[in-house]
Each structure stands twice: as structure tokens, then as C-alpha cells.
Amino acid sequence: MQLFHNITVNHYLVLSAVLFGLGAFGVLFRRNAIIMFMCIELMLNAVNLTLVAFSKMWNHTDGQVFVFFIMVVAAAEVAVGLAILMMLYRNLHTTDTNVLNKLKF
Amino acid sequence: MEKLVTLVPLFPLAGFLYIIFFGKGFSKGFIGTLASSTILLSFIVSVLVFTTQMHGAHPAVVKVFDWITAGSFKVDFSFLVDPLSSIYLLFITGVGFLIHVYSTGYMHDDEGFSRFMAYLNLFVFFMLILVLGDSYVTMFVGWEGVGVCSFMLIGFWYKDMKNNDAAKKAFIVNRIGDLGLIIGMCLLFAYTGTLKFDDLFISGSDISGIPGGVATAIGISLFIGAMGKSAQIPLHTWLPDAMAGPTPVSALIHAATMVTAGIYMVARSSELYAFNEVASQVIVWAGILTSILGATIALTQNDIKKVLAYSTVSQLGLMFVALGMGAYSTAVFHVITHAFFKALLFLGSGSVIHGMGGEQDIRRMGGLKKHMPVTHLTFLIGTIAIAGVFPFAGFFSKDQIVAVAFEENKIVFILSLIVSACTAFYMFRLYFLTFHGKFRGTHEQEHHLHESPKSMTIPLVILAALSVVGGFIGLPHAVGEEMGMHWHWLDHFLQDAVVMPSMHMTMGTELLLMVIATVVALSSIAYAWSIYKKRGVLADEDKDMKSSAQKLLYNKYWIDEIYDTIIRKPVDRISDFFGKFMEPKLIDGLVEGTGSLTKATGGIFRMLQSGSLSLYIFVFIIGLIAILLSL
Amino acid sequence: MIISLLGIVILAVDLIKMRKLVLPVTIAGLIALLGSCIMDWGHHEVPFAQYGGMLLFDNYALGFTMVFSVLAIFWFLMTSDQYEPTSSKKTDLYALSIFSICGAVVLSSYSSMVMLFLGVEILSIPLYVLAASDRKNILSNEAGFKYFFLGSLASAVMLFGIALIYGATGTFDLQTIATTFATGNYSGLMLTGCILILTGFAFKVSVAPFHLWAPDVYQGAPTTITAFMATIVKAAAFAGMYRLFATSFPNHPQVVTSIMAVMIALTLILSNITAVTQTSSKRLLAYSSLSHAGYMLGFVMMSGNAPAKYLMFYTLTYGIASMTSFSILQHVSSIQGGDDSREAFKGLVKRNPVMAGAMTVSLLSMAGIPPLSGFLGKYYAITQLLSGDYLALVIIMILTSAIAAYYYLRLIAAMFTPIENAGRIMTGGLQRGMYIVLTLLLLVTFFAASLLELIEV
Amino acid sequence: MLTLLLIAIPLFMAGAIFVMGSKSARQLALITGVVELLVTFAAIWVEKSGNNPELLTFNKQWIGPLGISYAFSLDGISLVMVLLTTLLLPVIIYSSFNKTFRNPHVFYGLMLLMIASMIGAFTTSDGLMFYIFYEFALIPIYFMILIWSHAEGRARITLKFFLYTLFGSLFMLVSLLYVYQHSHSFALEDLYAAGQALSAYEQGWVFAGFFIAFAVKIPVFPFHTWQPATYNAAPTAGAMLLAGIMLKMASYGLIRLVLPMLPEGVAEYGTWALVLASVSVLYASGMAIVQKKFKLLIAYSSIAHLGVLTAGILSGNAQGIQGGVMEMLSHGIITVGLFVVYDIIESRMSHDEMHRMGGIREVNPQFAFLFFVIVMGSVALPMTSGFVGEFLLLLGLNQYSTALTIVAGLTVVLGAVYMLRSFQAMMLGTSNAHTQHFAPLNQQEKTLLYIIVAMIVILGVYPDPILSLSNPSVETLLQGIH
């Protein structure tokens, strides 16, 4: 347990930065829309983590309140996103984003 | 009294306007009388003005109206009445009147008669403005005005493109001179702040402040203007071509009046030249060269008017010699006498041409003596006068020039003697070939031969008389004393207007020079007589000209051809280059190029918008990283 | 104030029932909103706080709300004939658009990062749907998807930024943040956060290099929606951005400014030059609206000293112009069976003079030709930049605006080139009315610009 | 007040004509033109009489903090320019009477709109207002050419014209704003003060901005390539408006804005501009010599003349400016005259290729005579309006550089070359199959030509009213500099 006692806010920051980066790279390199959603969620969670860490640091709860907001919004976003994806799937029968290049130049 | 001078140019103008706008439907007789009478009226007024000047009235400036105002530059439209302008008035209106009368006869059968008279009136108007103007600008008005009149009159028979080309050439060559004149005026204004004669010369003499180099530049550029008008090398080529116009025009414009505008202008600026050695030398040499050139070419010409034209060129050259040597009044003297006898000769030739039904080639003439006695007699007088035989008008004026040359520069002196020798020769060649021997023209021409009507012969007679006595206004000292007459009257008359040379020549030399001049003249007359009268030699046809010298002269030193190759062709070629390449390809190409360049870059930028989501994300994140790194 | 805000929300909810009344009610609501703004105007010495001071209705907010409502009114009126009055689509459309207008209002009035975030999302989420609202049309789907996806990515980035700033300052309140780093020497955390938020906004307002989505989405989305996005949404995004930078980072370090400068330059060059090669007029207008984003960013960049009213003026005039052009484009291309190339506009002057006139004026206004208000807007932008000695930027602006004139004029020229067998295009009286009004507005605002000097924002 | 009237009348009438529709549009337009002329005369009378000058100025704060205001004032120079506009307006309108346009009310509406904005530019005493009017005048003419031209690829040509001039004037905007940064007001006198306060080097750059803008519009080599094509494409009335009045806004701008604002910039860093102007005399003359079409000849000849104009004005002394003012007036009249001649020929021959004509004088001497007078005006013969202007310009230019004067002065020679060539080719010689049925002038054409010829001659013989009108203003302008 000693191990976990000297964990400072910086560790959290690093962790969330890593998470955020992971999400970003996921978005960057995956082609499957679903996976890409996941990555974005990952990024959002990274943000949440940061906020919580900070609100602990400043020890007041604003940050944590904000986290809830984020969760709600994220949920809404995902709902919309999935709806659009459904529609897309209905028209294209795939979730590969590479096919989405009708609009160009 | 001076106020009246405004009327002098007014009459001809009125005549012009009336004929142009209301002249329709009037008889030729009426038009002719109207046109001539306007000039007569001006002549009368001129006489009045002249007499006042003769009785020593002070030079006066008569303001007509405000004209140009620009900051410190202010020019009124106003006239300067002084001895110089008044004497010019006199012979312009005088000779002008005679030639108007002559024209009523000469042009009688031409359908453009009234137009012709109108143009003549307009010309006289501008000529009067030229000599009356009290500043270079006002003078320039007349200067250009006579130019355009000569354009209209040379190209009077506009259906023949040859005439139009001659007219255009005259106008454009004159324009080159005018550019010089304009530059001269600009410089003058830049250094003195005025262009009025009385500020510059008479009262103020602001010109003393001009640095020497600039003064030379001014002198020369003004002289370039004179070259254009008075047909001096290298701008002389237009004058012979100008003979395409009706003969009265040649007489009035291209012999008596307009072409002497250059002399007038230089004389007017005598203060400027008097103390300017370089410019004066330029004038002398340009003058004497032109004189030689004209005289030599005239030796071989076979077109009666061309001969007279080249003789005019060479006479003008002599006048410039006088000017360049500081003998301004002498030049004016020669201008006047020349106006008399050259007008006479041209009108005479006109009468001949009229009689010959338009024929101008002396090789088709001969023996006209018996057919047209009056013409013959007057023409002979004119010939003697120009040849410079005592006591005809030409003798005195020319002799004065020679005398000055003797004083100033021996080489020029010799050359001027050669010129007068040539003059005597070609004039008598012309005379003999035209009036003596047997008729060489066609039969219907011979049948058609007749003496010209009174309206033409009377002016001839009057001018002949003037050519005889005209010289007495400038009798040399020696002769003057002998005859107990007023000598150098003209010089005394002009001394307020122009700078006077300091001539101190013993009577002995004066007489000697006269003798030399007379001998030269008489001997070459005799030579001409021996060839063309005694041996009855005829002028060669174009084809059988042998000696290259003869060819050279006959083709006028090929100067026109040379100009064609070194000026006209290059200009055309350059313009062509502009039109074909520079404009469409180069300049517009650059303009259009920017447009197509933009399009091209647009094409490249489009590629960024490939439409693939992954690229967009990639760019997004790269951008983000880039920014973060830039911190 | 808040009443009318709620009013819209309620209205939007109960739309689902009485469909006939939708339009009138909406308009009424918006007019009420407008009215209340005008009434509350000027009491800015005691700003009108909501939600425990998380929304702050100062003149800035009121001003922008007015801009939104004006634009919205026009938009509703012009699009009123797009859908038959009793389709469910229509009501959804209205509801969603009104929601996102709420988002816009929030964005113009937030005083806390939380509200900022919420505003952005409320603004965006309905738009994702709207963009994709043409269900059968693959292009529309694609547009919706791209927009949604990149949008959420951007909001994630923005959120991270917010989080960092929270970390650096321990508050979400704009004023407090400002005071924490009033000196202007930011901690790394703060700066990073600031940049991240900037990036997020840069995406929303579509300035380079975060603009790539915009042309595709604008082209793919139904034209009416494009009009909505290009005008109201853009205005809202800028309102939010400006508010943030004006209040929280009034004296942000040079690097931020220079980043913006680069963004502006990139945007202007890329958008204008790419626009030259466009064949589809819709996409052309998309690029043109990008280039305008460049100008508006100029105001944000100078937010230190540039009064907000110039931005308002720009958004309003630009909004009017581009809304008009989009809606005319919509008419024409629908007549031409979806063809929106320059050909489609040939001979418009014969086929419908009013339309042609309105289109011409709006295009010229966007090109910034005096005496159309577009010129004044650009003029303000340029003067702002000059006052900060960004001569290079100004030069770029001017060069590119010449390029812009090129593509606008080609469209105009097309409208005035006669064609044979030109059938007239019919427009509803309402539309015709709107066009005339808008045209006049574009002219009048130029001369009325003196009013701008009276108001204090 | 009168100034406001001058702008308001055409503005209002434009609207009125537009609303009232096609019938009697031209008559209304003509009446407007005449009324404008009368108002101008009234203004001139007020200026000359010297009492209650407040009639000539109008000043209303527009955008205070930005220092923009609706400020108009008529001094001598402006009055001459306004006179130019209002003299030519009736002529131009009347010259279009023998033509039938598709919906004329739009045509004349636009024309009057343009007139209004040009008068605005000539009379405003606010820098930005000048820019605005200057720019706005583009729009009507653009549409006039675009819609009423029959030329091939007019869309392209007009686009080029519009973009080119717009592009140029944007540089002016930058320069203007740059000075504004120091003056914080667009009132001209403030701009003058601020501009003169700049270092000569800065002034040089600001001048460059202005000059490019104006050089495109005047136009000066090498920025001229839009012009001949545009003239060629434009309906004659449009070409007249362009050449006669509109392009004068630029040269007026040189006098009104550049010289007083950036004297040192022009004097020390402006040489290149004068050189360009002088070169364009030669270049355009060369181009004019090779032209086959009369309309293009007119275009290039006017470039040549305006080259002299530009150089003379930039020499920045009283003679140059006075000459500029005079030349603008006379060049406007003469160019319009030449276009009238073109119209007459074109309407009869249905082409304007000079080498295919000839002998028209034989068939129609009256026309030939009037044409000849106009030609003489164009070659700046004394006693025509052309001379006074050109002579003063050269007089002024010479004080800057004699070399340039010689170059620019060559217009005296070359002008004669191309004008006489064309006159000879078209009018002289014997008539051919094309020309022998050259119809006599009808009443309208006679009237037009006589009016123009009268203007040319009267202004040439007695230019004093114009010169003495502008001279005081020019001198005050120059006092402002030194």
C-alpha cells in the first residue's frame, strides 16, 4: 500500500494525458466508426479524470459537478451519434469511415 | 492708333468664318472679292500702324483678352506692335493681298474655289497672329495655325493621295520642329518665369540670368523649331513636296510668308542669340549647308516648281547665315526682298502652268516668250532680282549678307558666293528652258497656250515693280551716299526691335564686295546663257543621266530615302513589335498569368480537401500538436 | 429575459402538437425574445445574472441575442416554404433549430466555463441531427457524420483545455480566471488550456487548419441547414469565442495572438484560392463563408481593444448576405433539379429579377464593395488589425478579397448572361418580400453604421 | 448645399426612372442632365461671386469615432471636374438617342447612379468617402457593359476590368488607412497634415499604393491592358462615360489626395511613376500607330494623352496641376467627340476598320470638317482646348525633368502621326464601294458634333474662365504643401 501513498496530482495528469493521447491516436488510426466513438469516449473520460483530480487538488467540488455535466452531454452525444451511424449503416451497409468520401474538393 | 492693330487679324478671320458658314450659294466673284478685300482692309490698317512706328512711336502691347493663368505663369492674348512686327504686317498683308487677287483668277475653275479662299484667309489670320503675338505662346498659336493651314492647302486636292501624303509629311516634320520650340519655351520659362517678349527682351531682359549652357540649349531648341518651319537641314524635306499644293499656296505660304516665320522668330529672340556664340554658330552652319544643298539640288531639277522650291530652301539658308552672324536686320531685309521676287517667280510659274494646262516639267516647255509676254517679262525681272544683279532688290539684300559673311567668317563667305553663283545659274537655266528655244510640249498644249487673265497678270506686274525697287529700303552706305538717298534705312528702323551688328566696314571693301558679287552673278548668268540659249542644250531625261554626281543631285542626295530607312521604318517596326508581342504576350500575359496561377494553386489546395475523414482527423491532430509544440 | 428564453424552449417542446401554428408561434417567440432584449438594453451597470451568475446578460449578450433572433426570424421566414406545413419533419426541424438557438444564446451570455461547454453542446448536438436530416440522401448522412464526429472530437479537446485551466486557476468563472493571470505571464498549464480551447473554437468557427470539415458538411447538409450553420451558428461560435478571450484572456501572451494570426492568414489564403476552382456554387459559398471566418477571427484576435460591436456588425451583415444567397441558391438549384453549378444561374435576371437583384447585392456585399455593409464590416476588421500593426495580415486580406471578388463576380456575370427559353422562376410573395427587405438592409446598414457609434458594448 | 443637390438629383432621378419604367426614360435622363448642368453653373456663379460660400459646402458627422463624415465641398478644382461631368452627361445621353436599348430605364438609371457617385468623388472632402464613391462607380458601369454589350466574351472582359481596377484601388485603401493610423480622421486636411508628417521614405511607399490604384484606372503603362478591350466591348455610351468622366476620378485623385498628402514622397521617391507615365506616352502612341480599328485607336491615343497628364500632374507645380485640370476637361470632351464620330461611322459602315474606308470627305464634307476639328483638338493644336492643357502640362513637367519632357513631348509628333494617318485613311482619297453611299448626318448627329466642336474651340480660344476658376484653389493647394 505504500506504493499508492505518494501519488500526486501530477500522476493523474500524466495518466489522463496518456489516456487522452491514446484516444486521439485511436481516432487517428482506426477506421471503424464504433471503435472511433469509443476512443472519443476515452478522451472524454481522460478529461473527467483530470477534472476530478484537480477538484481534489483545490478541494472543492466544482470540478466533480462539471464531470456530471460532461457525462450527461456525452450520453446525449453518443445517442445522436449512434442514430446517425444507424442511418449511415442503413444506406451504406458498413461502418467503415473510408467509404465516406463522396464530399470532397 | 495701336489699338487698331487688333483689326488686322480680325478681317481675315471674319472672312474665313463668313465663307465657311454662309459662303454657300454665293458666286465665285463675290467670294473672291470678299476674301481679297478683307486682306486689303488689313493691309490698309497695317499701313496706318506701320506709319506710326515709322514716326518713332514706342512699341506698344495691345491686350485682347486674358488667356492662360497657371500659378506664376500668366499669358494674355495680346499683340506687340513694334517695328519688326509692323513691317512684317506690311508685307504679309501686301503680298497676301496680291496673291489673293491672283488666286481669284488662278483657281477660278476649281470646284473648291470658295474653300480655297477661306483657307487662304485663315492662313493670313494665323500668320498675322504669329508676327503680332507678344509672347512665345501667342506666337506659337500662329506658328501652329499656319502649319495646319499649310496642311490643308497642300492637301487641297485631297482626292489624290500623293497630295495628302505631302501634306501629312509637312505637318509631321513641322511638328518635330514644334516640339523643339516647346522644349525651348519650357526651358525659358523654367529659368526666367515668363515667356513675354517685352519682359524677356525689351524691358527687363530677364535672360541675362540664364546660365550659359542652358542659354545654348534654349537657343538651339528654339532654332529646331525654326528649322521645321523654315525648312533647314535636316528638317527641309517637306518643303519641296509641299509644292503639291496649288501654286498660289506655294507662293504665299512656301515662299513669301510662312517659311520665313523661323527667321522672324530668331530675329525676335535676337537678344537671346546675340550673346550666345555656340547657338549662333549652329545657325550659321545649318544655314550655309542648307543653302548649298538647296542650290546644288536646284541645278538639276526639271519641275519648274521644284526648282523654285529648292531655291527657296537655299535662300532661307542664306537668311539664317545672316542671323547666325548677328545681322538680324539684314536677314529681315532679305526676307522682304525674297518675299517680293520669290512670290513673283512662283506666281509667274503658276501663270506658266496655267497656260500649259497643268504641265510643270520644263522639258515639255520652251519658247513661251511669244505666247505670254507679260509673264515672260515679269519672270525675267524676278530671275534677275534673285540672281542678284544691281540694282534689283535681291542684289542689295544678298550683298549685305555676303558682306557680313566676309566680316565674320571667310569660309562661309566663299560658300555664300558659290551659292549665289549656283542661284544665278539655275534660275537662268530655268528661264531659258521655259521661255526660249522652241516649244517642246504636245500640240493641244501649244494650241491651248495663252496669256493669263488680268487678275493674274496685274499682281505679277506689281510684284515685279517691287522686286526692282524693293532693295532701296536697305541701300548700302556707299550706294546710298552716291545716290544721295537714305542708306541702311531698314536697320535704323529696326534698331529698337532687334540687336544691331557692329559693322565697321570701309566703303572701299563694301564696293569691292559688290563688284565681286556682281561679277559672280553675271558670269554664271553668262554661262547659263551659253549653254541653254546659245547651244540650246536641253535638260536630260531621267533615263539618260550619266554622271553619278548628276544622279545624286537629281535624287536630292537620297535624303528622303535615308529618313525612310532610319526613322519611319524603325518606328513602324517597333510599334509593330509592341502590337504583336509586347502587348498581348508580355504585359497582358502577366496580367492573365496571375489569374491562371491562382487557379492552379487552387487546384493544388483542393487536394487537401480529399473528403476522407481520416485525413481530416489527421490534419486536425497534427495542427493541434504543431500549435502545442510552437509554445 | 429568461422568460423569453424558456418561452422558446416550451414552444419548441409543444411544437409537436399543433403543426399549423408552428411558424407564427416561432416567429412570435423570436420577436418576443428580440423585444425583451431591446427592453433590457442599457441596464448593463447591473448585469442580469442567471443560474447563480453562470449566465450574465450584459449588453454584449443582449446584442448578440438580438443578432441571433433577427437572423433566426429571417431564416424561418425564408425557409418556411421548404416543407409542407404539416410534415413531422418540419416540426422537428423547428424544434431542433430553436434548441440550437438556445445554445447560441447561452454561448453569448455564459460567464462560466461550464456554461460555455453546455452552450457549445446545445448548439452543436441539434446541428448534427439537422445536418443529417435528409435521411435518404447519402451526402447528407456523410455530412452529418463528419460534422458530428469531428465536432465531438473538437469538444473533447476543448473540454481538456477547460480542465487544464480549471487546474491552473481552480475556478470556472471567467472573471476569476482573468484576475488570476491578470499580469499575462501564464503558467504552462494555463497556456496549454488556453490553446486547447482556442483549438476547439477554431474548429467550431472553422478556421484553418481546423476547417476541413466545413466545405463538406456545408455542401452535404440540406441547403436551408447550411444557411443556418453558415450564419447563426457561426455567429454564435464567434460570440462565445470573443467573450471568452475578451473576459478571461484579455491580455493573453503574444504566442496566442500570433497563432491566431497564422490561422487567419491560412484561412484567407486556403479558402479564397480553393474557392476559385469550385464548380458547385453551394460549395463555393461554403468556402466564401470560411474566408469570412478569417475576418471575424481578426476581431477576436484584437479582442484586447476592439469593441465587440464591430464583430456584431460583421456577423449581422455577413449573416444577412450569406443567408440570402444560400436560400436563393436553394431555390435555383431545386428548380434546376439539384444542379447548382454556375450554369444553373444563367439568365436568372430574366427568370426572376428580384432574386437576381437580391443575390447580386448580397454577393457584392460579401465581396466588400461599397456602399454595401459588407465593405464596412471588412473595413472595421482591417482597421482593427492595422491598429495592431499587422500590416502583413492586412495585405493578405486585401489580396484575397480581390480573389474573392473574382468568384463572386463570375456568379453575378452568369446571372446576367441571357439564355433562350428562360422560364420564369416563381417565388412565394413572402420570399420576394424577404429578399427585398434584406437587400435594402444590406444597403441601409452601411449608412446607418453611425448608430454603431452610439451603442456601447 | 448645392453639392448635395448635385448628388441628390441624379440619385433621385435614377430611382424615379427605374421605377417609372422604360417609356420616356431617356427624356427624363436628358432633362436630369440639363438640370445638373444648370445647378453646376449656379455653383460656379456662387464661387465666382464669392459671397455666401456656405452654399458650396456640406458637412455631416457620419461615423464620429472613426472620423468618417459626409463632407462635401466645391472648390475651383472640384467645380471644373463637376462641370466636366455635367457638360458631358447631356451629350452622352443625347448621343444614345438614336439607339434602342433593352429596358432603357435600367440603362439610364445605372448611368445616373454612376454620375451621382462620380460627382460624389469629385466633391467630397473626406478621404474614405472618396474611396467609397470611387469604388461604387464601378458597379453601374460594370453592369452597363455586361448587359448592353454585344461583344464576344464580354463577361470575361468586364470581369477583368472590374477586378483589375478593384484590385488596384485596394492598394489605395491600404495607403489611405496607413495615413489614417496617424491622423485618426479622414477629413482631407487632417490626412494632409498626417501624410506630410510622415518621413519621405514612408511617403514614398504610401504614394506607391496610391499610384498603383490610380495608374490602373487612368490607365498608365503597364497597367492599361484592361482598357482597350473594355472600350471595344462597351456600348458607346458606356465607353464615353468611362473615358470621358470615370477615369478622370483617378487623375483627380492624384491632385486631391496624393500631391497635398505626400509631397516629399512624390518628389523624392516618385520618379519611377513619372517615368512610367512618360513611357506610356511612347508605348501607347506606338500601339495607336498599328491599330486597324478606330475604336482601339481612340483607346490607345487616350492612354498616350493621359500619360502626359499623369506626368504633368505629378510634377507637382502650379502649371502641371492647372494643365492637368484643363487637360482632364478637354480630353473628356475630345474623347467623347471621337466616340461620337466612331458611332456615326459605325452606324453607317457597321465596322470601324480604317483601311477599308476612305474618301468619306468627298461624300460628306461637313462630317469630315467637324471630324477634322476634333482631330486637331486631339493633336493639341493651339486654339483648341487640347493645346492649353497639354502645353501647361509640359511646362510643369519640365520643371521636374527636361528629359522626361522631351519623351512625353513626343506625343506632339506621334499624336499627329497616328491621328492624321487615321483621318487620311478614313476621310481622304477617293470614295470606294464601302464609302460612296455614306449617308449625310442627321439632325441629332449634327447637333452633337457642333456642340462638341464648339466646346473644343471655345475652350481653346478662351480657356480663362476655367483656368481662373481653378487657379486660386490650385494655389491654396500648393501653399498647403510648402
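Worth pointing out:
Labels for the chains are A, B, C and D, by order of writing; each one numbers its residues from 1.
One rule holds for everything that comes next: contacts are C-beta pairs under 8 Å (C-beta built on N, C-alpha and C of every residue); 3 or more make two chains touch, one makes a residue touch a chain.
Owing to the predicted nature of the structure, the values given are computational and were not obtained by experimental measurement.
In terms of the stated touch criterion, the partners common to subunit A and subunit B are C, listed by label.
Set against one another, B-D and C-D show the most C-beta pairs in contact at B-D.
In this assembly, the C-alpha centroid of subunit B lies 37 Å from the C-alpha centroid of subunit D. Note: centroid distance subunit A to subunit D, computed from Cα atoms, is 67 Å. Note on chain placement: the centre of subunit C and the centre of subunit D lie 43 Å apart, centres being C-alpha means.
Centroid to centroid, with C-alpha atoms defining each point, subunit A and subunit C lie 27 Å apart. Counting partner chains per residue, subunit D has no residue touching two or more of them.
Residue positions of subunit C touching 2 or more other chains, listed in rising order: 145-146, 149, 153, 157, 215-216, 277, 406.
Counting partner chains per residue, subunit A has residues 27, 97, 100, 102-105 touching two or more of them.
Contact between chains, using the touch rule, shows up for A-B, A-C, B-C, B-D, C-D. If you check the complex, the residues on subunit B that touch subunit A are 606-607, 609-614, 617-618, 621. Across the interface of their complex, subunit B is touched by residues 24, 27-28, 31, 97-98, 100-105 of subunit A.
On the side of subunit C, the complex with subunit B involves touching residues 145-146, 149-150, 153-154, 157, 188, 191-192, 195-196, 199, 203, 209-210, 212-213, 215-216, 255, 259, 270, 273-277, 403, 406. For subunit D in complex with subunit B, the residues that touch the partner chain are 160, 164, 221-222, 225-226, 283, 286-287, 289-291, 317-319, 321-323, 359, 361-362, 376, 381-383, 387-388, 391-392, 394-399, 402, 405-406, 409-410, 412-413, 416-417, 420-421, 424, 428-430, 462-464, 467-468, 471, 474-475, 478. Across the interface of their complex, subunit A is touched by residues 113-114, 117-118, 121, 125, 128-129, 132, 135-136, 138-139, 141-146, 148-149, 152-153, 155-157, 159-160, 162-164, 166-167, 170-172, 215-217, 219-220, 277, 283 of subunit C.
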